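Mind looking over this structure? Questions follow.
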Amino acid sequence: MHYEQLGVTEGDFYNRNFEKGAREDTMILNLGPQHPATHGVLRVIVELDGEYVIRAEPVLGYLHRMHEKMGEVKTLSQFIPNTGRIDYGHALGWNWAFVGAVERLAGFEVPERAQYIRVITTEINRITSHLLWWGAFTLDLGAITPIMYAFDDREHLLDILQMPTGSRLTHSSFRIGGVCTDLSEKFIETVRDFIPKMRERLPMYRDLVTDNVILRKRLEGVGVMDADMCRRYGVTGPVARGSGLAYDVRQAEHFPIYEGLDWQVAVRTEGDSMARYLVRMDEMEQSLNIIEQALAALPAGPVLMKNAPKVLWKAPKGESYFAVEGARGKIGVHLVSNGGEFAYKVKLRSPCFSNLSAYAEAARGTILADAVAILGSLDLVIPEIDR
Amino acid sequence: MTFLAAIPSELIHIVIGMVAIMAFVGIHVLVLVYAERKGAGHIQRRPGPFEVGPHGILQPLADAGKLIGKQLFTPTNADPILFWMAPVLAVFPVLLLFVPMPFGPVVTVQEVNLGLLLILAFAGIGVLSTMLAGWASNNKFGLLGAARTVSQSVAYEIPLLLAVLCIAFQKGSLNLSTIVEGQGSWPWQWNIVTQPLAFLIFLVCAFAETNRAPFDLPEAESELTAGFHTEYSGMGFGMFFMAEYANMVVVSGVCTALFLGGWKGPGIDGVWWFMIKVYALLALFIWVRWTYPRVRFDQLLNINWKWLIPLATLNLLGTVFLMKVF
Amino acid sequence: MIDSLFGTIKVQYLVKCDPAKTGLAWSVFLAQSDLLPAVKLLYRANYFLEDLTAIDAKEGYLAVYHFDHIDSPGRVALRVLTSHEAPELPSIASVYQGAEWHERETTDFYGITFTGNPNPVPLLLAPDMTEHPLQKTEAQRAFLWDLFPPAEPLRAAADFTLLTPAAKLAETGEA
Amino acid sequence: MSMIRKVLEPIGDLWSLVVGLRITGRNFTRPQVTVHYPREQVPTDLTDSYRGPIALVPHPRDATKSKCTACMICVGACPSQCITVVKAPAPVITPEQEKTFQEAEARGEEVERPVAPREPVIWINDFSLCSLCGMCVEACPPRCLTFSHELNAVGTSRDAFLHNLLIPYPGSLKPTPEQVQKLQER
C-alpha cells in the first residue's frame, strides 16, 4: 500500500505475472536472485500461507549468456572453451558432449587412450561436482562444517585434475578427435594414491552427515517425485535415479569404455530428497571404482587422432546428437551443420533446466524449509540452467 | 562525605555490580566471538581469524569497531521506534539476568530469594525484542523469523520451567545460591546425578531459547537469509549479536548453578569452578553449532510437544512422588 | 517400434537412423495437427521429453522435439514445420509439463508462439526484449534438404518434398 | 518387536548425534589444511601444471628472440580475439640502395633485395579477454607459444593486462607505452 502512495508499483514483470493466480490471504516472497539457498542467481517466487508453500515459480535468465548463439558464430573448435563454462561444476561432461557431437557428425574415430583419459578425467570431475553439491546442500540444511571437509578433498582432486587440464574450474581439455594433453606418470601415481584416501573419507561423511538423525528427518519423505513425474518433466540424472529410474547415459548410450568396466548404476526407489542424496553418495564410490579400473586398463597410444581438425575445419553436412551422463543428468548437444566451419545450429540440452522445471510441482504444499531442501537436492548449477 | 553516607550501601552495591556485569558481558562477548570463530575454524581444519593481532586475537575488537562505524540504516516503511527499540530490548534484560547469578560464595551481585524466577521472567523479554525486530523491519523474511521466534520460544519455555522446577522442588528454594549450597563438592554430589533427565531437557531448551544451532530457526540463514535481523546494520545487528552471546553465558551459568554444583568443586571452592563449568558448557554450545544441520520448524515443535513436555512432566511428577515417599 | 506406434498417425516422413552415426534412432516429420496425438502416443509408451528446439531454415522454422526412453533407449526426433510469417505451434505442455519451459525458451529464441502454453511469458530473456537472437537472416538460412543428408524413409507421404533437393525436384517436375 | 524398535530408535538417533560430535571433535585436534597465502605458497609442483597467461618460447640459439614467424595463425585461432600480432615491416630502401640494386640487376647479377624479417614487432595478449583455452598454443606451427605458470597475473588497470610477450617472460608483463599507444591507434 505504501508503494502505491510513493508511485512505485510493487514487484517487476514476473511478480505481477505470478500475482495473477495468487490468493488474497497469502504472502508472496521472492527467494533470490540473491539468496543463500539458490546458489547463484536463481530466483524463485513462492506464495506462502504461513510457512507453507502454495505455489512456486522459478524465474530464470539472470545468468543467461546465449551460448547457443555463440556456437553459431564461433568455429567448432573455438566453441570448446565455451562448453567448459556452461556448467562450472562438471565442465568436462559438457566438453565431452560437444566434441562427441562433432566427432559423431564427422564420423571420427577417437584413439582408445584418449577415450580412457576422457573417462578418467570426467569421473574425477564428477566426484568434484558431487563434493561441491554435498557441501552446498548440507549448508542449505544448516550444517556449516561439511562443506569445509568436502572442499578439503575437492582441492586435492582439483590439483589432480589440473595436471591434464591446466585449470581448476572451467576445464576445457577435450579436443575434436581426442584430448589436448596426455596423462603424466605423476598424474597416474597421484590418482592411485588418492583413491584409497577418498575411500576412507566417505565413511566419515556418512557418519557425520548421512547417518545424522536431524538430516535424515529433514530429507526423508520430502519432495517425493515418482517415475511418471520424472518422465513428464524430462528429469534425468541422480534425481531420476532417486525415483527408481535406472537410466544412466553411460550405460544407455553404449559408451565403449564404460561397458568394459565393472560398475553399477546407483538407483534408489523412494523418490524423496534422501534418495537423491544417497544416489549421489553411491555415485562417488562408483566413480572411484571406474577411475581405478580405467587407470589399470589405460592403453598406450596417441591421445589425439591423426589429422585432427584445425581451427578453420569444415564439418560435413548433417546433424548429430550426443549425450553424456553429467553429474546432474543427461547433457545433450544437438548439432546441425550446413557444411561450413561454423555450426548451423547448436542446441545445448541442460539437465538442470529440466530438473528445475519439476521443482514447482515438487515444492507445492511443502514447508519453506523443505522447499529449500528440495531445491538443494536437485543439485542446481545456475549457469547451466540459463546457458 | 555525609552525602555519600546517606546513600544506602545496598544501592552502591548494586551500582557497582551492574557496572561489573556490563564489563563482564562485554568482555565475554568479545571472547566468545573469538572462541566461536576460532573453534569453528579448527573444527573445519582452518585457522579461523588469523590476521589481526597474533593468531587473530584482536579480530573481535576490529569487528566491533567495524560494526560501530557502520551507518545505522532504517528501511523505508519500517516503524522506526519499534525498529530501534528491539535491539535495545534485546541487550538490557540480559544484563539484569546476571544480578542473581551465583558466581561464587560471596561473588553475587544481589542474592535474590526468587532469583530463578527473576531469570526466567526477564529471559522472556528476549522473545519480545526478536518479535519486534522482525515485525518492525517491514521485511517478509523478518516477519517469518518473528513468527518462528514466538512459537519456538513460547513452546520451549514450558519444558524449561518444568525442568527447573524439579530442582526447585528438590532443594526447596528458588534462590540460586541456596541451590548451589545444597550440592556437594564432588561431581556425584551434584544435581545432575539425581536429575539427569532434567539436565538433558534443560540443555535442549537452552539451545532453543538462545536460538543456537541446531535450533537457530528465527535466523535460519539458508531459508530466511538472516531472519529477524535481516534489515539491521551496524550496531543494531551488533546488539542482537551481543544479546545472543550474553544469553549463552546466562543459560550456561544457570545450568551450572542448577545441575553442576555452581562454584563447588573438588579442592577449593570458588569462582574459578563456576567459570570453568560455564566455559565447558559454552564450548559445548560452540561444538554443537558447528556439527549439526538445522531442524525443521515443525520438527522443532514436535520435539517439544511430543517429547520434552511429556518427559519433563513425568520427571517432575516422579520427583514430587519420590520426595513425598522419602 | 516407432513406425508401429505411429500406425494411427499420418506421418509425413519417417526414417530409421543409425544411432552410432547421428545419435538418433528415429526421425519423424509430422504435420502440425498430428503433433499432439503423436506426443500422447509417446507419453503412453513411457517416453520422456529430452529437449525442444527449432532450426531456422529457408522453408520456415523446423521445431525439433527429442524424446528418449528409459528402459529401451533410442532417441526419437519429431519435427514440425511452421512458417516464418506466422510461427505458431500447438503446445504439448498439457502432456509433458516439462515442455512448458522448453517452449518458452523456444519462443524467446525464435519467436514461435505455442498456443496452449499455460504460462507464455519470457523465460531466459528480458520481458521487454522484442528481438529473437537465434533467428537468421534470409542470407544465412539454408534449405532443409541441405542440412539433412538423404536417407531411405520407411514411410513418406506423397506430397512430402522438404528433403528433396530443389534440383532433383525440378528434374522430377519436368519428367 | 515393533515396540522394542520404537524404543530403540530414539536411542540410535541420539547416538548418531554423539557420533557427529566425535567426528568434529576429532577434526578439531587435527592439523590445519589451510595454506596461509601471503606467508606460504602452494608447492611449485602444483603450479607447474597450471596454465597461466601465454608466453613465447625463447629461441634455442638466441634467448632474447622467439621462433615466432608472425604467421597470424594464433590470431585466427583465438576464440576471444585477444591476440594482436604485427609483422615486422619490410626495411625501407633508400634511393641510393635502389639505384645500386637496379644497376646490379642491369648487369644481370642475382640481387638479394632486403625482405621483411619473419618476426613480430608487436605481440600483445589481452589477458583480460583470454580464456586460457590453449587454442593458440596448439595451433602455433613452430610451437613457439606456451603457457606460463604465472599465478599472480594481477593489475590495477586494464592496460596492465595487455601482456607484451616480446619482453622475455619472467620480467615485466607490461607493454611499453608506445606499444599501448600503437595498439589503441589501430
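Observations, loosely collected:
We just call them A, B, C and D in the order they show up, numbering each chain from 1.
By our rule, a contact is a pair of C-beta atoms (placed from the backbone, for glycine too) under 8 Å apart; a residue touches a chain by one contact, two chains touch by 3 or more.
Small disclaimer: the values here were computed from a predicted structure and weren't measured.
Set side by side, A-D and B-D show the greater C-beta contact count at A-D. Between chain A and chain D, the centres computed from C-alpha atoms are 29 Å apart. Chain centres here are Cα means. That of chain A falls 43 Å from that of chain B. Chain centres here are Cα averages; for chain B and chain D they lie 56 Å apart. Chain A has residues 145, 149, 152, 208-209, 212, 214 in contact with two or more other chains.
Within chain D, contacts with two or more other chains are made by residues 17, 20, 23-24, 27, 33. Two chains count as a pair here when they touch; such pairs are A-B, A-C, A-D, B-D. Residues 74, 77-82, 84-85, 145, 149, 152, 155, 159, 162-163, 166-167, 170, 172, 175, 180, 186, 204, 207-209, 211-214, 310-312 of chain A touch chain D in their complex.
Of all the residues in chain D, the ones that touch chain B in their complex are 17, 20-21, 23-25, 27-28, 30-34, 36.
The touching residues of chain A, counted against chain B in their complex, run 2, 27, 29, 35-37, 48, 50-51, 138-145, 148-149, 152, 208-209, 212, 214-215, 217-218, 367-370, 372.
On the side of chain A, the complex with chain C involves touching residues 13-14, 17, 57, 60-61, 64, 66, 68-69, 72, 101, 104, 107, 230-236, 240, 245-247, 252-253, 317-323, 330, 332, 334, 336-339, 344-345, 347, 349, 353-354, 357-358, 361, 386-387. If you check the complex, the residues on chain B that touch chain D are 39, 41-47, 50, 287-288, 290-292.
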